[in-house]
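These notes concern the structure reproduced below.
Per-chain residue numbering starts at 1, and chain names A, B and C are given in the order in which the chains are listed.
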Amino acid sequence: MERAIDLEIQKLKERILLMGGYVEKAIEEATQALIDREPERFEKVHEYETIINRSHIEVDEACLRLLARQSPLAADLRLIVAVIKINTDLERMGDQAVNISHNGKRYLERPPLKPLIDLPRMSQEVRVMVRAALDAFVKRDSVMAADVLQRDDSVDALKHHIFQELIAYMGKDPTTIEQALNLILIARNLERLGDHATNIAEDVIFAVTGKDVRHGAHNPSRRVAKPSGKAKT
Amino acid sequence: MSGTRDIVITQTILDAKNINAWFGSVHAIRDISLPVEKNTVTAMIGPSGCGKSTFLRCLNRLHEEVAGARVEGQVLLSGEDIYGPGTDPVAIRRKIGMVFQKPNPFPSMSIFNNVAVGLRLAGMGNKALLAETVEKSLKQAALWNEVKDKLKAPGTSLSGGQQQRLCVARALAVNPPVLLMDEPTSALDPISTAKIEELLIELKKEVTVVIVTHNMQQAARISDRTAFFLLGELIEYDDTSRLFTNPRDKRTEDYITGRFG
Amino acid sequence: MVGLLIGCAILALFPLFSVFLYVCQQGLPGLHVNFFTSLPKPVGEVGGGMANAVLGSLILITLASLIGIPVGIATGVYLSEYGKTKLSMILRFCTELLAGVPSIIIGIFAYSLFVIPMGRFSSYAGGAALAVIMIPTVARTTEELLKLVPVHIREAGLALGISRWKVTLIIVLRGSLSGIMTGVMLGLARVTGETAPLLFTALGSQYWPRSLDQPIASLPVQIYTYAISPFEEWHQQAWTGALVLVLFVFILNLTTRMILKRHAPAKD
């Protein structure tokens, strides 16, 4: 049976997916401009962010309208709540992409410190996470979403590796500090992007299963036995 | 054990055990067990004809007053089976009050007498005490201020919402530990509905309320526990906040998200 | 179209007003205190009244009420509250049938039931005959009115821990009392004018009522007797009697309506 709310939810999902697409593009553009040393392409990131921001407001309004008019319950309610949170995450991700472009711009003003190997891998990994999280959202697939949570570990590992490497550079030669810091900030931005993707995956799991898996709450304590009457049903 | 989640009932005041009910040959309630926690509001929801009202009427032995109706099973009120041998349904109903769908003050009876009649027939002759109890009940029902100057006016002269609160006062007058409500606001406007709902939140400090409602938002707003009925069966019984955010049974989910019913 | 309807309505009212006017015209000259205080005078003597008949009628109506109202209401309550059994179906059918039985036949019935065994005409027999005529009206009105009381009102009573018969008596019956009173008054008005059943039962009398097991005078019978007599003075008395009877029924209806209006429950 097609309900009025189904159409609205469908529209909302499409919007989130589109927004996610722009986030992906923004991350890609920011890292690629850095890798290819083409600072003028950072402008594109700002354009994407403007679109993301506009979408952020529209999705919020749509959710508010839906809550007020449809009084969603159960899975519908969880989905709307998840959308509100995913929406915020995506907006923050747009901001992070812009941060990458700022830091990248500063980095490109000087000669490169070293060949970029781990940063492109990190960027690639984060984009895969965003795409997978949103795919899981659209398909209501909690297994796929859980997979995203695992991937975040490799992003964190990459960040850790980059930090170690750059600290070594800075230790050996203090003139590299400024450029190394720019790269550290970018690695940090990418790591934050991974965290946002993780948040999205967690919200998807909540929307689909009703289980809250945040902050290690994998096993929410269920109440125990009922005293009387075998619950027949 | 398909859908019901195990919930902890710390102090059971009303405990229905394996209730079966029939209208003639129609098996309307199928083996329902449902413990009710003291000083809570327990809501019963479900599509029309799912048996929730019938089940409610089994809880004060009103079901059997319908011609051809029959009940089997136990309902323990503070441990005592109201269907036990030799139990007087009339005495039981004094302990389990009921408010109906349509406001139904007794015709050609004053506001005062509507509230007092239960007490008088239960043998309260002391006029001062009677007046005091009537006042207390009307205050409990949040109606006193509106009617204190016209207690002699007919109960039917009040507005629909006031009439329903009069019925609440009438039920409360005999001081029942349990109050059953059968869609008490379905005939009322939103403001009167809000008043009744407010009232329930207050009332549950003293009375245990079991309410049948068609309005899921209402169940979500006012109840502590919710039971979902379908085709005479109890499908799911859980904390209200959990049932409405994360029901366990697919049928509950489908119903509360409006996929059927 | 509306004009036609108004015309028909006036046509329906015409007999009522013409009867009333004619009775007034003929009866008023004989209407004075004596009529209510004196016994009938023998033929040829001037004056005299129908005091014994007025009193007799009141006694007969009281007797009829004493039997007819409780039995009628009880029947109505039974039909409405326990009305789904076979017995009640039969009872309802009989009540309807009884309402259609010509009153003279009821008179004959009371005659064979009371007058023959007792060996004489009496107030008892008259009262019983009138009661039988009253019962269907009262029973049907009671039943119809009780049926109007919604089921949930009864259930509210039951749910309050009131036993079924008390619910019926205190909540349902009392709630419909004003309506039932109308039924009673209608029944009374009807039997007040009954003549035929009294001919075989109360017979009539020229004297003050002495005892309930004696024949007793009544207005309708007295009017009948006087009206078919060859004497002009008696005709005058009969007209006055008719006027008193009409006025009595009229006042009875009016009071009922006034009582009803005062106690009418507010509509919700």
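Remarks
Criterion: a residue touches a chain if its C-beta (ideal position, glycine included) is under 8 Å from a C-beta of that chain, and two chains touch if they have at least 3 such contacts.
The model shown is predicted, which means the values in this text are computed figures rather than measured ones.
Every chain gets a centre from its CA atoms, and the centre nearest the mean of all protein CA atoms is that of B.
On a Cα centroid basis, the chain most remote from subunit C in this structure is A.
Note on chain placement: the centre of subunit A and the centre of subunit B lie 49 Å apart, centres being C-alpha means. Each chain gets a centre from the mean of its Cα atoms; for subunit A and subunit C, those two points are 92 Å apart. On the subunit B side of its complex with subunit C, the touching residues are 60, 62, 65, 67, 90-95, 97-98, 100-104, 106-109, 117-118, 121-122, 154, 156-157, 160, 163, 167, 170-171, 174, 180. Subunit B makes touch with subunit A in their complex at residues 1-9, 12, 15-18, 31-35, 216-217, 220, 233-237, 244-247, 252-253, 256-260. Those residues of subunit A whose C-beta lies close enough to touch subunit B in the complex are 1, 3, 5, 71-78, 210, 222-233. Residues of subunit C touching subunit B in their complex: 84, 149-150, 152-153, 155-164, 166, 170-171, 174-178, 263, 265-268.
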